[in-house]
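Common to both upcoming complexes is chain A, partnered first by chain B, then by chain C.
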Partner chain A sequence: MTTINAPTAIQPKKKKLSPRKRAQRIRIVQYAVLGLLVLVAVLFADGQQIVNVFFRPDLIAKALGPGLGMALLNTVLYSIGAFIFGLVLGTVLALMKLSQIGPYRWLATGYIEFFRGVPAIIVLLAFGLLGIAFPGLKFPLAPFGTVWTALGMVSAAYMAETIRAGIQAVPKGQVEAARSLGMPAGLATRYIVMPQAFRIVTPPLTNELILLVKDSSLVYVLGLTTGAFELTKYGREMSSTYGNLTPLIVAGFCYLLITLPLTLLVRRMEARQRKAR
Partner chain B sequence: MTQTIPTGNRADEIQIYDLHKSFGDLEVLKGITTTIHRGEVVCVIGPSGSGKSTLLRCVNLLEQPTQGRIFILNEEITDPDADVDHLRTLMGMVFQSFNLFPHLTALQNCTIALVRVLGKDPKEAERIAMENLTKVGLGDRGHSYPAQMSGGQQQRVAIARALSMDPEMMLFDEPTSALDPELVGDVLSVMRDLAAGGMTMMVVTHEMAFAREVADRVLFMDGGVIVEEGPPSEVIGDPKEERTRTFLARVLDPTHVRTGAEDAAYAKRHADEAIDTEAKRNRILASHRPPSHRPSSH
Partner chain C sequence: MKRLIGFAAGAAALTLALTGCANYSQPAAPATTGAATTDATSSAAAPKLVSAGKLTVCTHLSYPPFQFKDEATNKITGFDVDLMDVVAKSLGVTQEVVDIDFGQITSGAVFAAGTCDAGAAAITITDERQAAAPFSDPYFAATQALLVKKGSGITDLPDLKGKTLAVQTDTTGKIYAEKNVDANGYEIKVFDDMPTGANAVLSGAADAAINDNGVMFDFAKSNPDTEVVKEFATGEHYGFNTSKDNPELLAAINKALAAAKADGTYNTIYKKWFGVDAPK
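Let's look at the complex of A and B:
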């Protein structure tokens, strides 16, 4: 085995780069590759063709009609309703998961694992047919009630884990101080632990809201009436009418109108938390 | 004459009988029996890992004792059916790390339990809180959040928070250990005033000067037992036990630097005293002492 190592012993003759110089060189190579790729893309792209497939001006104008505003509003309503539903249920699940009582913990764990493991689209489909499976069962404010419940139940599973982590991140001394003042466990949780836990989990919960905004695009599987269209459904309908993808691309940019400000908000909150620490 | 448990005497505010506490295999308290009387200031001293903080935390049941009984005003807090929350309102607790509620102002820190636990009217609660904040010299900081205050101020708010519940007695768990040296004095002077006002106090502390000046009685703990107790002039001024003398030499020697490693070694040694031979003891002591170690004459 020692013979294999022998050649390396001769190599020190090769000039060794300092780490800084080496990093510099690697970066130059990276920029060169990136520049090459852009160049190839520009050379081979047919601008007119791209516009025809994705950005037809006449269809952009058509897509920017009153229906788009309605769809945007519906997307926001679906997401926020589901978020509130998920927040409440997620908090309950998080508390159950931290409970001393075994069955509470098992129930919460079962729920969380199930809804985190199943695609949201299947849950939505199932909820769409609940009214038929259980005759007489009707969600209020159709289709909003159905969407809020179905998407809310899925996001509650994710939020429960986040909130649980937030509760556990509150120092033990906080509970001890509250208990030493004679507060029963319930009061200590409500007035001391939860307010601090929610402060910790606000950024990750806002990320969950962003995910929900995008998940609301799954609502199309429920077969909606025109007034209940959200962005994706609106774009798809118009795209198939005109046989062109442009309206859907417009819808896609509308999601950015919602998600980008939220992303910025999360970044600012995280920066503020880092400072406060 | 056989002693009755509890004594039934109103002045015997905290009665502790044969208290044991284990964390897993580690027995931290090995049979503590003592009584703390009304108006008495008891300082508990001893090396890290001696169980003094655990003892204090057992008194208001933040730690569940493994064995033994504790009575608060002759009511057994270790009874499974005891109204622990009510008994805790009678004992103010001050922690080493302050444990103020960071999302509440100083004033709200003081009022929250008054309103939520004692059911006081918010206006009345605020009046009581203000009174106690003023007492600790922070009457003008009521609307500050803990993060906006120095450690010494935070600890004084913590004292005001405990006092707002109008407790019968106060428990202090190393209240100045987390403070910058120049901030210790303010907290100690608040505690001195409290003691002078006749408050029953149990204080776990490393401040020997404070113990010597304020305490009516000093308990020296080591290895989970009370090694020596008595007035400070005896326990600190003229200790009878070798272990007390060793400890005081270590604490009072100004050239001695306390290190985490040494504390860990101390805790480990006391965790398993069965195999703790004199040789091992000396070796650990010798390895951590400065070579020119000489007990000072305080």
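Let's look at the complex of A and C:
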């Protein structure tokens, strides 16, 4: 160890800083970098131009038109429907993956690996053209039915893995206690394991819902009437019409209206879980 | 464990039933109510429609003044939409416009998939597209136009040597640009829709954009920083397209178009969107 400290011996004039002093200097450098960045931003960015391109008042007013509320509602409907579909299918897949029957496990694994590995936009494009393979095929409540099925099938793959982890996280003693009280395995799963598992996976599942809200922006590839436009399509359409980013920014903020409360919810649930443990 | 498996199997059956809900309905029955109320089409066989009582028309936004969204009403409007309204009226049904990928309309995929009855998206009639999904009689004559930023000094394709040219995917403008790329040495940048390509000229992401003259002049009018410097007489004509298996609808479209041209409706619509009388 003494040899490593040799540099101090070579430069005896340079005073060695105390750890506190060094931490203080590092902090000063960090603040200086931040200040420099702000200064550069202020000096080089043309404030008026930024407002004109990102926050043009008349376009904000236009974007807040009747279409926006509908687009917001559609985004919520697409995501919630897909979430419910994904939750049901994901639970089934999780149980299949834990099944003692080999083929069930293989099927579930194949499904999960396929839909987790394939981009959601490909699944949506395929669903949009499904009528070519099955002439006359029509989903109920189109385009909602199509979106719910397509996005639900993708999210089911993710949710299945989450739920499986949740089920396996329930202590084995819980099932053993239930069985020793004479409860059949099926009932034990339903009333003892699943409720506890879902409590464990609620925060990650809420995260999945947030992802779904954002994935609903891919719905445009199906082909939509203006009444079925979701936020991204609405903002994009208007942005390209006016050659301005303002409507896209407005649409982006609308996503935050949905996702921020959900993020807060997840944080609170996680905190409560940590406390309960 | 047996019960667990039983539960899983039951739930699996439930989801199967849920997914199976997609009903295999027959290609929609002819709109009997519509055909009954109009004497114009009652003589010919009523065309099949994908959803009864509606003429579902596929288009690709935005392509003003042919089709674009009116922010005030949140509805799609334009020259093509007005003409298709005339067709829908002649069938005694209402028009519903669906916005979808342009390539899916020209390839006929939207008809095979049962998404739409007809396509009205300022589609230039070409042999290849005609073979994929047949066209109605032409309803608009178009050329290709070159859009640049004012003061750029670019007046023709040779000026674009080493520069970028914005095109729209699956369009005749793209085909024209590709045909002339070797002679002029520009780089082609492909955009999803017309405004994104034209906006690229505004933002400097591309030096010029090529697209049909109607939309380009409209864009230059609302964006005075840009101008159309050259038109290429490609002799293009727009047509509405339909499924190969729906000649009745094609006949109805042609009939309605001819009637609109004869009684002046076509000219009124033309004047509404282009400000001048329709060329004879």
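Operating definition for what follows: the second predicted complex is superposed on the first by the 252 of 277 C-alpha atoms of A that agree within 3 Å, B and C clash if a C-alpha of one lies under 4 Å from a C-alpha of the other, contacts with A are read in each partner's own complex, and residues count from 1 in each chain.
One rule holds for everything that comes next: a contact is a pair of C-beta atoms (placed from the backbone, for glycine too) under 8 Å apart; a residue touches a chain by one contact, two chains touch by 3 or more.
If you're wondering where the values come from, they're calculated on a predicted model, not measured in any experiment.
*Asks:* Both complexes share chain A, so when I overlay them there, do chain B and chain C fit or clash?
*Replies:* fit
*Asks:* Report for A:196: first if it touches chain B alone, second if chain C alone, otherwise both or neither.
*Replies:* So A:196 only meets chain B here.
*Asks:* Between chain B and chain C, whom does A:173 touch in the aligned arrangement: first, second, both, or neither?
*Replies:* A:173 contacts chain B only, not chain C.
*Asks:* Per the contact definition in the header, classify A:79: touching chain B only (first), chain C only (second), both, or neither.
*Replies:* Neither partner.
*Asks:* By residue count, which of the two partners contacts chain A more extensively, chain B or chain C?
*Replies:* C
*Asks:* Between chain B and chain C, whom does A:96 touch in the aligned arrangement: first, second, both, or neither?
*Replies:* second
*Asks:* Based on the superposed arrangement, let me know which partner A:187 touches: chain B (first), chain C (second), both, or neither?
*Replies:* A:187: touches chain B and chain C.
*Asks:* Give me, in Å and rounded to a whole number, the least C-alpha distance separating chain B from chain C in the superposition.
*Replies:* For chain B and chain C in the superposition, the minimum C-alpha gap reads 11 Å.
*Asks:* Across the two complexes, find the residues of chain A that touch chain B and also touch chain C.
*Replies:* Shared contact residues on chain A (touching chain B in one complex, chain C in the other): 184, 187.
*Asks:* Under the definition above, what is the set of chain A residues touching chain C in their complex?
*Replies:* These residues of chain A touch chain C: 62, 65-67, 70, 85, 88-89, 91-92, 95-96, 99-101, 104, 128-132, 134-140, 145, 149, 184-187, 189-190, 220-227, 233, 237-238, 240-241, 243.
*Asks:* Considering the complex alone, what residue numbers of chain C touch chain A?
*Replies:* 1-8, 11-12, 14-15, 18-19, 21-27, 58, 61-62, 64, 68-69, 71-76, 96-101, 104, 109-110, 112-116, 193, 195-196, 198-199, 202, 223
*Asks:* Which part of chain B faces chain A closely enough to touch in the complex?
*Replies:* Contacts found on chain B: 60, 62, 85-86, 88-89, 91-93, 95, 97, 99-103, 112-113, 116-118, 147, 158, 161-162, 165.
*Asks:* Flag every residue of chain A that touches chain B in the complex, lowest number first.
*Replies:* 171, 173-174, 176-184, 187, 191-192, 195-196, 199, 276
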